[in-house]
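Quick one: the structure is below, questions incoming.
Lettered A, B, C and D in written order, each chain numbered from 1.
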Amino acid sequence: MNPVLLIAIPLLFAFLSIMNKKFARPLLLVALLLDVYLVFTISKGLYSIGGFSQYGINLLVDQYSLIGLMVVNVVFFLTVVTNCKEVKRLSTVLLVALAGVNGLLLTNDLFNLFVFLEIVGISAYLITSGNKRPLATFNYLVQGTVGSGLYLLGLILLYSMTGTLNMALILPTIVDKAIPLSNLALPFMLMFIGLGVEAKLLPFNSWVKGVLQNANALTSVLIAGVFATTIALTFGRLLSTVFVLGSISNIVLVILAVTMLAGEVAAFASKRIREVLLFSAIAQSGLIILLFANGLVIPAIMLIIANIVSKYILFTITGKMVDGTKTDEIESLQGVFSKNKLVGFAFTVASLSVIGLPLFFGFIVKLNILTSLFSQYQLFLSALILVVSLIEGTYFVKLLIKLWYSVGEVKTFKVDALVKVVTLIFALGLIVFGVYTKPLTDSLMTVPEEMMEAIAERGNF
Amino acid sequence: MSVILMSMLIGLGVALFGFTLQTTIGGINRKVVGRMQKRYGPKWYQEFLDIFKALSKRAISHGWIYDFGVIMAVGGITATAMFMPITDSLVAFAGYDNFFIFVYLLAVGMLGMAMSASGSGNPLASIGVMRALTQMLAYEVPFMVVVITIIKVSGTSSLTGIMEFQQANGWFALSLPIGFGVAFLSLLGMLGKKPFETYIAPSEIASGPMVEYGGKQLGLLFVMHEIATFIEVSLFVHLFLGGASNIIEFLAKYFIVYTVANLISNLNGRFKIDQVVVFFYKWPLALAVLQAIWVLWR
Amino acid sequence: MFSIELVVLSTLLAGVLAYIVSIKLPKLGSYLTILASLAVFSVLAYFGFNNNLDAEVNLIPQFVLFKTSMFGLYFAIIVSFIFFMVSFFNPYFIKDYKYPAAYNLFYLMALAGTIGVFFASNFITLFIFFEIVVWTSMFLIPLGKKRKPTVTYFVFSTVGSFAMLYAVMFTFSITGSFDLAAISVLSGKSALLVYILLAVAGFAKLGAYPFYVWLPKVLGKSPDPVSAVFSGGIEKLGAFIAFMAILRISPASIYLEAVGMYLQNYVIAIFGAITIVVGTLQAIRQDDAKKLLAYSSASNGGYILVAIAMSSSISLTGAMYHILAHALASTAAFLAIAVVHYRTKTTKISELGGMIHHMPLTYMVYLMAIISMAGIPPMGGFISKWLIFQAVINKQMIIVAVATFFGSIGSFLYVFRPLAALFLGQKLPKYKGVKEAPFLMMIPLIILTLGSFYIGVIPNQVIDFSNKVIAEFGFGPLLMNEFGIQGANGTLSAPIIASVFGLGVVVIAIIFFILPKSRKVGLMDTYTSGEFIYTEELLHYSADFYAPFERLYPAKPLISKVYAMIKEKVNELGRFFKYWFFTNKPEVTVLWIVLILTLLVWGDIL
Amino acid sequence: MENKKLTQAQMDTKWTELGDFFRRKSIWMLMYCTGCCAIELPQAMTSAYDMERLGMGPMATPRQADVLLITGYLSLKTLRRLVYTYEQMSEPKYVVAFGPCVINGGIYHDSHAVLNRLDHYLPIDVYISGCMPNPESVMNGFTDLMDLIKNKTAVGWKNYRDNNEWYKKNQMDALGEVFVHDEFHE
C-alpha cells in the first residue's frame, strides 16, 4: 500500500467536505479510520511520488515514521471521536490538518516539509480560532509565519550551498563538498528557529500561552498532543539526520535547557490548571528536542509516546472539566475528582507518569533518558533534568491533592462514557508499559540504525 | 546464681548504708549550718526523726499513679544505689558499676517522682517538675563532658576502674582542675542546692513537686532524696577525689564534699530557671569542652 | 523456600484485593491489611531466620532483581513488623478517610515497596521500590487533616531519591554496573560525589538536618496510623541508605587524628549532632503531641546517623539496635497518641488532661515507650544509647558528645510533656465518659511494649543478629558474655540492671504497703493556698509547658525560612519567565529571534 | 467486715502511737499568718530562739505540715480558707492559736467581720497568750504542744472527727450557704 494515500485521502475528503457540509463529519471519521487502517498495513520503504524522485520528492517509511504515524493517527482519531461536538465546524480543517500531519511525518524532502508545515500551521490557526480569542490566534499566526519564513530562508541558503533538498542527501553532500561549519551555522540556525516556533521552544513560543490557555479539549489535545508530537518527530528527524549543529550547538543547548527550566518554573508559578499544563507541555517539548539534539533518539521517542498519551489524558479531562465547571482556577476546582473518581484516576495516572514515578511508563522513560545521558557522561544536563522534574513533580502533586481533596463545596462536571473509557484505557496502558516495556523497547531498537541507513544509502535504497 | 543473689543482698546493704550515711550527714550539716547562723541547730539525728514521722503518718492519695510513681521513684533510686561502690573493693556488682548506669537509672527515679507529682493534679507540682527537668538539662551536659574526659583518660567507665586509675596517677581534681570546678557546679545543680534550687522554691511554688505529698509518700520521697544525694556525692568523690581505699577515707571525703556544697548553698540566693540554663551553658560548658579538647585532642 | 518476589507481588495483589473489597466494605478491606501484613511479616521472619528466602525466582521477567542479606532482612523484619502492628489500627480509622479503599491499597503497596527496597540486589530495583514507597506513602498523607504536608513530603523525599538516582547513574557511568557492590569500586572525587549524594538521600528520608522539616509536618498532620508507620517504618529507609552510603564507599579524604575517623564521616556525625539538637529543641516546644513525637523521630534519626558515621563495631551495633528500639518505642508512642486522638478527637496537649483515668493501659504503653525513647533502663532504648555513648566516648568526639548528651537529657523534657499534661494532671470534665482503647487496638500496644521491654532486658538475640549484619560490612562482632555486652570502656549487663531495678521496686513496694494506708482524695482536692477553684482547666498546667526554657531560643527554625525563601524564588523566576517570554505581543518574540540571530552572526564574525 | 474495719482502725492507732514518738521531736508547721501575732514567729525561728533545735520547721503546704498556726484574729472571710486548709492536712494534726483574738475576739470583739471564738469552728490544741505573745511564750507554747503529744492529750483532730457535725454546723452558721461556685464567687 502506498503511504501517499495517508496524505491523499484526507485531502480528497477535505475537498468533498467543502462540497457538502452535511457529510463533513462522517467524512472526517471515515478518513481517520482509513488512515488508521493504512498506518497499520503500510510497509517500510522509500516511495517516490509522480516520478519526481530525482528532485528528491519522496516519502520515507521507516520504523521511526511508522511509530510516529501510528501514535499520531490513533490519537488524532480518538481526539476527534471523543470531541464530536466541537468537531462539527472544523471537519474540513481537521481533514487538511490530518493530511499535513501525515505529510510531515512521511516526507523526505525539506521543501515538502515546509509545505506541510504551512498546511499544519494554517489549520492550527483555524482550529485555535475556535477559542474565540482572536488576539491569541493572531499572535500565533504572526509568529508561525515568521517561523516558517525563517525556515524557508534557511532552506534556501542550504539549497544554495548543497544543491539538494533530499534529506538523506544533505549530510553526505556537506561531507562531500566539505562545506565549512561556520557557513552552515546560519541556515541551520534559521531552520532551527523556524521549527522552534512550532515546537514551542523558549523565546519563540509566546503564542502557546494565549492559545492553550483558553483551549477546549479538542484544541488543546490537537495543539499540545498531536501537532506537538508531529513537530517533535519532524524536528527529531532533522536534528538526527540533517542538521550539523557544530558551532551553534551551544546556543541550541542553552535554548533547550532554558525552555525546559522556564516551562517548569512558570508552571510552578501558575494558578490555573490549563496554564500549568501548557507550561508543562513546553518544558516537555524542550526536553524532547534536547534529547534529539544530543542524539538520544530512542529515549526521545519513548518520551514522545509517553508525552502524547499523558497529554491526551490530561488535556481531554481538563477540557471537559473546564467546560463543565466554567472555571480553570485550581482553587475553585478543589475536590472535583471526588465526584468523578474514574476520570480522576486516569488524570492521576497520567500526571504520575509525567512526573516519572515507578509503575508508570514515565518512569521507564526517565530511567532510559538518564541512563543514556549518563552513558554520554552528561552530568550537568542530567542534574538539570532532575531539578526540573523535581519542580514538575511538586506542582503536579500539589495539583492532584487539590483536585482530589476539597475544602469547601465541590463543583461537578459530566464526562461521556466514551471519554472515560478512552482515558482509562490510556491510563492502563501507561501502567502496563510501566511494568512491561519489552515489546516497545524491542521495536525501538532499530530506529537509529534505519535512520542512518537512509543516509548511508544516499536516499536510494 | 547464688553470686548474683549475694550481690543483690550486698547491694541492698549499700543502699541502706547510703541512706543512713546521708541522713546522718544531712543532720550534721543542719547543725553546721545552724552554728554558722549563730543558732544551736537541731539534733544530729533530726533527719531520721523527720523521715520516720512522715512515714508513720496517715497520708492522702490522689490515685494509683500517685502511689505507683513514688514506688517507682524510690525503687529506681534504691536500685541505682545498689550499684554504687563505696570503696574500691566494696562494690556489690563488681565490673558492672558503669557510670552510665547511674546517670540513667537515676533518671528512672526522677521520672517516677515526676510522674507521681504530675499525677497529683496540682499545677504547682507540674511546674516544679518542669523546672527540675529544665535544670537537669542545664547541669547534666557540662557534667557529662567532664566525665567523658575522665572516662577517656582513664580508659574505663567503671567507677572502681576510675578510682584505681586515680590511685595510681593522682586525683582528677588536680589533673583536671577546670573539670573539677565545672563538675562541682553541676553537683550543686544535681543536689538542688542554692543557687540551683529553683524547682523547690517553697515560697514561690510551695516546694514544687513535693507540694501534694504528706505522710508516707513524703517520707519515701525523703528517703529517695537522701539516697539520690548519696549517689551524686559518691559519684563526685569517686570521679574526682580518687575514690576511697577504705571506708573511713570515703566517709571523710564524702563529708567534706557534702558540707562544702551545703555551705556554699547557704551563702547564695536563688536563680530563675532560665538563668540556670544560661549559666550552665555559658562558662561551665565552654570550659568543659575546652578542657576536653585540650586533654583529648592534643 | 519462599521467594521474595512472590512476597512483594502478593502484597501488591493483596493491596488490589483490599482495594476492591473496600470499595463496598471499607472495614473488611482494612482487616485484609492486617492479614496481609501479618502474612508478610511471618513469612519474612520465618523463612528469613531459617535462611530460606529465595531471591532467584523471577516471576516478571527482567523487571526487578533481588538478593538476600542479613542487613536487608533485619530492616525488612522490623519494618514489616511495624506495618503489621499498625495495621490493627486501620479498621478504627478507616471510616474517617475520604478514600478508604485507596488507603488500604496504598498501605499495602507501601509495605511491598519497603520490602522491595530492603531486598533489592541492584540500584535500579532499589530505586524503583524506593520511589514506589515515596508515592504510595505520599497518598496516605492527605487522608488526614491537612493536604499541604503531602507536597512537603514529596519535595523532600524526591530531593532524596533524585540524589540517589543521580548517584546511581553516576556510578553506572563510571563502572558500567548497577550492582549494589559497584559503589565500593569508586575512588577519589567520584566516590566523594556518590557518597555525598547517597548521604543526602539517606538524610532526606531519615529526616536529618537540614531535611528534617518534613517530619513534623507530615507526621503531625497525617492520619494516626500513617504517622506511626512513617516514624517506625518508612523513615528507616533513610537509615538503610545511609548505612550503605557511609559504609560501602570510601572516598579518599583527610583523616582526622583527633577523632580517629575520616573527614566526611565526621561531617556526617556533625550533621547528626545538629539534627539531635534541633530536633530536641523543637520537640520541647511543640503543643501537638504528634508533632512533638515527630521532632523526636528526627532527633533519634540523628543518633542513628552519628552511630553510623563512627563506623565501629560498637557504634554500628548501636545504630542497628537504635533502629529497632526506636521503631518499637516510637510506634508505640504514636499509637498511644492515636488512641487518645481516636477517643477525644484531638492531639493538642493543651486541650487534654487526665487521660490516665480513662485509659490506664494506653498510659502505661506510652510510659514504657517514652522510657525507651529517653534511653532509661530497663527498655531497649537504653542499650542502644549506651552503645552509642560508648562509641562516642571511644572516638572522643567532644562536640558530638555534647549534642548526644543534650539530646538524651532533652528527651526527658519532651517525652515528659505529653505524659504530664495529656495523661496526667487534672481529669478534665469535657472528656467524661471517654473509654479505654478498643480490644483490637490494645493488641499492638501490648505487643510493642513487651517487645521493647524484652530487647531492653535480654539483648543477646538482637546483638547476635546485628553481629551478622555488621559482619556483612566487614566489621567484627560485638563481644557478649552471659550477662553483659562488652563495650569500649565497660560492660553492660541488661538482665542484672533489670533485675536489680525489679528488686528495688519490690522492696520499696513492700515497705509502701506495710506503712499506713492512705486516704483517697479527689484530684481537685489539692493545695491551692486556700483558694477555692472549681474549674479543672484552671488547675491544669499544660499550655506552654517549658515556657521559661522556650524563651531562650527562636520559635521557628532558621532552615524553614530558607526553604520558604527557595520556594518564593522559584515562584519569582516563574513569574519572570512568564513576564518576559509569554506575553501576548508577537513583537517581543520577534525581538528575541532577532537578538539570537544577531548573537550568532556577531559570534561568527568576531 | 466489721472485724476488718476494726483492725484497720487499730492499725491506724498503732501507727499514730508509734508516730507520736517521732512527732513530738519533729513538728512541721504551717503558718496561717492572718493577724499581728505572726510578727513574733521570725524571732522564734531565727538565731535568738532557734526553733529548729526542737526539731520544728516551717513547711510549704498543709499536706506536709503537722501543726497549723493561727496567728491572731480571724475574719469571717478567711474562715472558709482556714477550714479548707485544715481539712487538707493529714492526720494527726494540731492547731496552735496565738493571742486573745482567737479566744474572744480580742480588741476586735465587736467587729462584724471577726470571729470571736475560734474553737467553735476548729479544734484548738494550744492557746498562746499575749497581745502579741513574746517569743518566749511562743516557744513555751510549742513545748507545751510537745508535752501534750507525749501525754497523748493533743486530741483536737480526733475531736474534730468525732464531733464533725457540730463543727460543720457552726461553720455553716457563720458562713452561710453560698450558691455561686466559680473563681470569683464562693
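Quick note on the criterion: contacts are C-beta pairs under 8 Å (C-beta built on N, C-alpha and C of every residue); 3 or more make two chains touch, one makes a residue touch a chain.
Given the structure is predicted, the values throughout are model-derived calculations rather than measurements.
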| item | value |
| --- | --- |
| Neighbouring chains shared between chain C and chain D, ordered by label | B |
| Most central chain, judged by mean C-alpha position against the global CA mean | C |
| CA centroid of chain A to CA centroid of chain C, Å | 44 |
| Between chain D and chain A, distance of the C-alpha-averaged centres to the nearest whole Å | 95 |
| Distance between the centres, which are taken as Cα means, of chain C and chain B, whole angstrom | 35 |
| Contacts with two or more other chains, residues of chain C listed in rising order | 515-517, 519, 525, 527 |
| Chain B residues counted as touching two or more neighbouring chains | 56-60, 206, 211-212, 215 |
| Residue numbers of chain D (touch at least two other chains) | 12, 15, 61-63, 90 |
| Of all residues in chain A, those that touch chain C in their complex | 135-136, 138-139, 142-143, 146, 150, 182, 185-186, 189-190, 193, 197, 202-210, 247-248, 251, 255, 262, 265-270, 338, 352, 357-359, 363, 367, 370-371, 373-375, 377, 379, 382-383, 386-387, 389-391, 393-394, 397-398, 401-402, 404-405, 435-436, 438 |
| Residues of chain C defined as touching chain D within the complex | 515-517, 519, 525, 527, 530-535, 538 |
| Residue numbers on chain D that touch chain C, as the complex places them | 8, 11-12, 15, 61-63, 78, 80-82, 84-85, 88, 90, 181-183, 186 |
| Chain B to chain D touching residues, read off their complex | 30, 34, 37-43, 46, 49-50, 52-53, 56-60, 202-203, 206-207, 210-215, 218 |
| For the chain B and chain C complex, residues of the former touching the latter | 4, 8, 11-12, 15, 55-65, 67, 70-72, 74-80, 82-83, 93, 95-96, 98-101, 104-105, 107-108, 110-111, 114-115, 118-124, 126-127, 129-131, 133-134, 136-137, 140-141, 144-145, 148, 151-152, 155-158, 161, 206, 211-212, 215-217, 219-220, 272-274, 277-278, 285, 289, 292-293, 296-297 |
